[in-house]
Amino acid sequence: MPRLIRFGVSIEEALAARFDGLLRAEGYGSRSEAIRDLIRKALVEKEWARGGRIAGGIGFVYDHHKRHITDRLTDLQHRFHQLVISTQHVHLDHDNCLEMVTVKGEARRIETLFNAIKSTKGVKHAGIVRTTTGHGMS
Amino acid sequence: MPRLIRFGVSIEEALAARFDGLLRAEGYGSRSEAIRDLIRKALVEKEWARGGRIAGGIGFVYDHHKRHITDRLTDLQHRFHQLVISTQHVHLDHDNCLEMVTVKGEARRIETLFNAIKSTKGVKHAGIVRTTTGHGMS
Amino acid sequence: MPRLIRFGVSIEEALAARFDGLLRAEGYGSRSEAIRDLIRKALVEKEWARGGRIAGGIGFVYDHHKRHITDRLTDLQHRFHQLVISTQHVHLDHDNCLEMVTVKGEARRIETLFNAIKSTKGVKHAGIVRTTTGHGMS
Amino acid sequence: MPRLIRFGVSIEEALAARFDGLLRAEGYGSRSEAIRDLIRKALVEKEWARGGRIAGGIGFVYDHHKRHITDRLTDLQHRFHQLVISTQHVHLDHDNCLEMVTVKGEARRIETLFNAIKSTKGVKHAGIVRTTTGHGMS
């Protein structure tokens, strides 16, 4: 079991009221939970900026009719196979595919893979979820 | 076959040289391809800001030992089943799970689902890939 | 005097330790201060996304040798004079000027002014600071 | 005079039409101008990520009634005087001040100054415009 600590936060009443509005709108059950989330978000941003082992997902959309694109994207994922955990493929419509590649590894290598996917001819758009392996984030 | 058009871009030589450096670093094969990507990126950002039908992925990390968290996350995805295409689950380690949920639908509803996942007690961090259905993006 | 309230936050010891590392690195004097900042940051992001009265700055770089650019930029600021509080002009070098325009008003109108500056021929790059009027943010 | 080069971009008709819509909405006079802006934006993002000499602005809001805050902020700017070009001060209302600090120098030192301002007790919110010195951006 992780050990919990408890500390007090002083905050102006009006600011607390606005924060309560925000956390209700986003569905948080308590201030503590919302604050832990803000803290973890700040830490995750640092992890990605500094490098280190992280996890995440790369999503991209392409037209599978483009010549050799499926092969090129498969080859690419194999070259980075130490980062790639698994891939989820969605047939968006007759032409468009959405692929979500789940990744874990060194932040900079994942950015390199992201750039390689993004710049593959025929990939229309690529985005990235930068999240965490969860270590030290409980 | 989509019809191609061709137009000229005037650009200062020094700027072109720096751009060539950037596109080599990111792995682009031609200026045209890199420019199409910049254009699509700008359009995708607008699509998400304005609303409209989009596609993407929500990635989040949680400790599956937290009480009822798996049920809560499953219920949530069912409530938004019209948006959720499929889910990929990764066992990061003994405690941590990474789940990538592929989504398609109205941008604002997807943001609502994202907030609901993010604010679920026990979810350590959540991120989102905002991409496109590919329509009009060829 | 604004009324202060105080509430407790429960947090796992390891997460608190990492947060303490982050706040030392960024120079915060206490957890309370860092948490108030995270809260205000989340609120400011909402204010800009939803619209409402906000404050901020638009910074842009241009080459003053470009034909009529100074006139065009001055005209533009006059057209939006109800938003523009003041302008600070820096001679970066023989060619380049950096101008910081401080603004206050409705978020969407400020985004319109930002787009108009960004798209002015001769403006090399424009960026924006999205901050707050400070109301309800004490 | 900077030397201009001209190159062709091939693009699907439907994508070009959407891009034309975007550039009209943002006020661009030509595709060339809009594309140069996308290119410079990508280069500026790289400059900030990699480090190097850049320019920009730090904007922040504070309540000048907070004890010693004016002194602390002035001292801070003096400590970083080699980065700070000038400061613009706006009285937003009876309590709130908005200050826009124009900066030029090494990207990482500017981020350090930004963190120091952001974490100063009494500063409600701080934001940053990351732009360019204009070199090689014509």
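As written, the chains take the letters A, B, C and D, and residue 1 is the first residue of each chain.
To be clear about the criterion, a residue touches a chain if its C-beta (ideal position, glycine included) is under 8 Å from a C-beta of that chain, and two chains touch if they have at least 3 such contacts.
Keep in mind that this is a model prediction, so the values were computed, not measured.
Path length between chain B and chain C in the touching-chain graph (shortest route): 2. Two chain pairs are in question, A-B and A-C; the one with more C-beta pairs in contact is A-B. Separating the centre of chain A from that of chain B, both taken as means of CA atoms, is a distance of 9 Å. In this assembly, the C-alpha centroid of chain A lies 26 Å from the C-alpha centroid of chain C. Across the assembly, chain A contributes residues 40, 137-138 that each touch 2 or more other chains. Chain contacts in this assembly form a single closed ring in which each chain touches exactly two others. By the touch rule above, chain D contacts chain B in their complex via residues 2-16, 18-19, 22, 31-32, 35-36, 38-40, 42-43, 46, 136-138. By the touch criterion given at the top, residues 23, 25-29, 33-34, 37, 40-41, 44, 55-63, 85-86, 88, 90, 92-93, 95-96, 98, 100, 102, 104, 115-116, 118-121, 123-135, 137-138 of chain D touch chain C in their complex.
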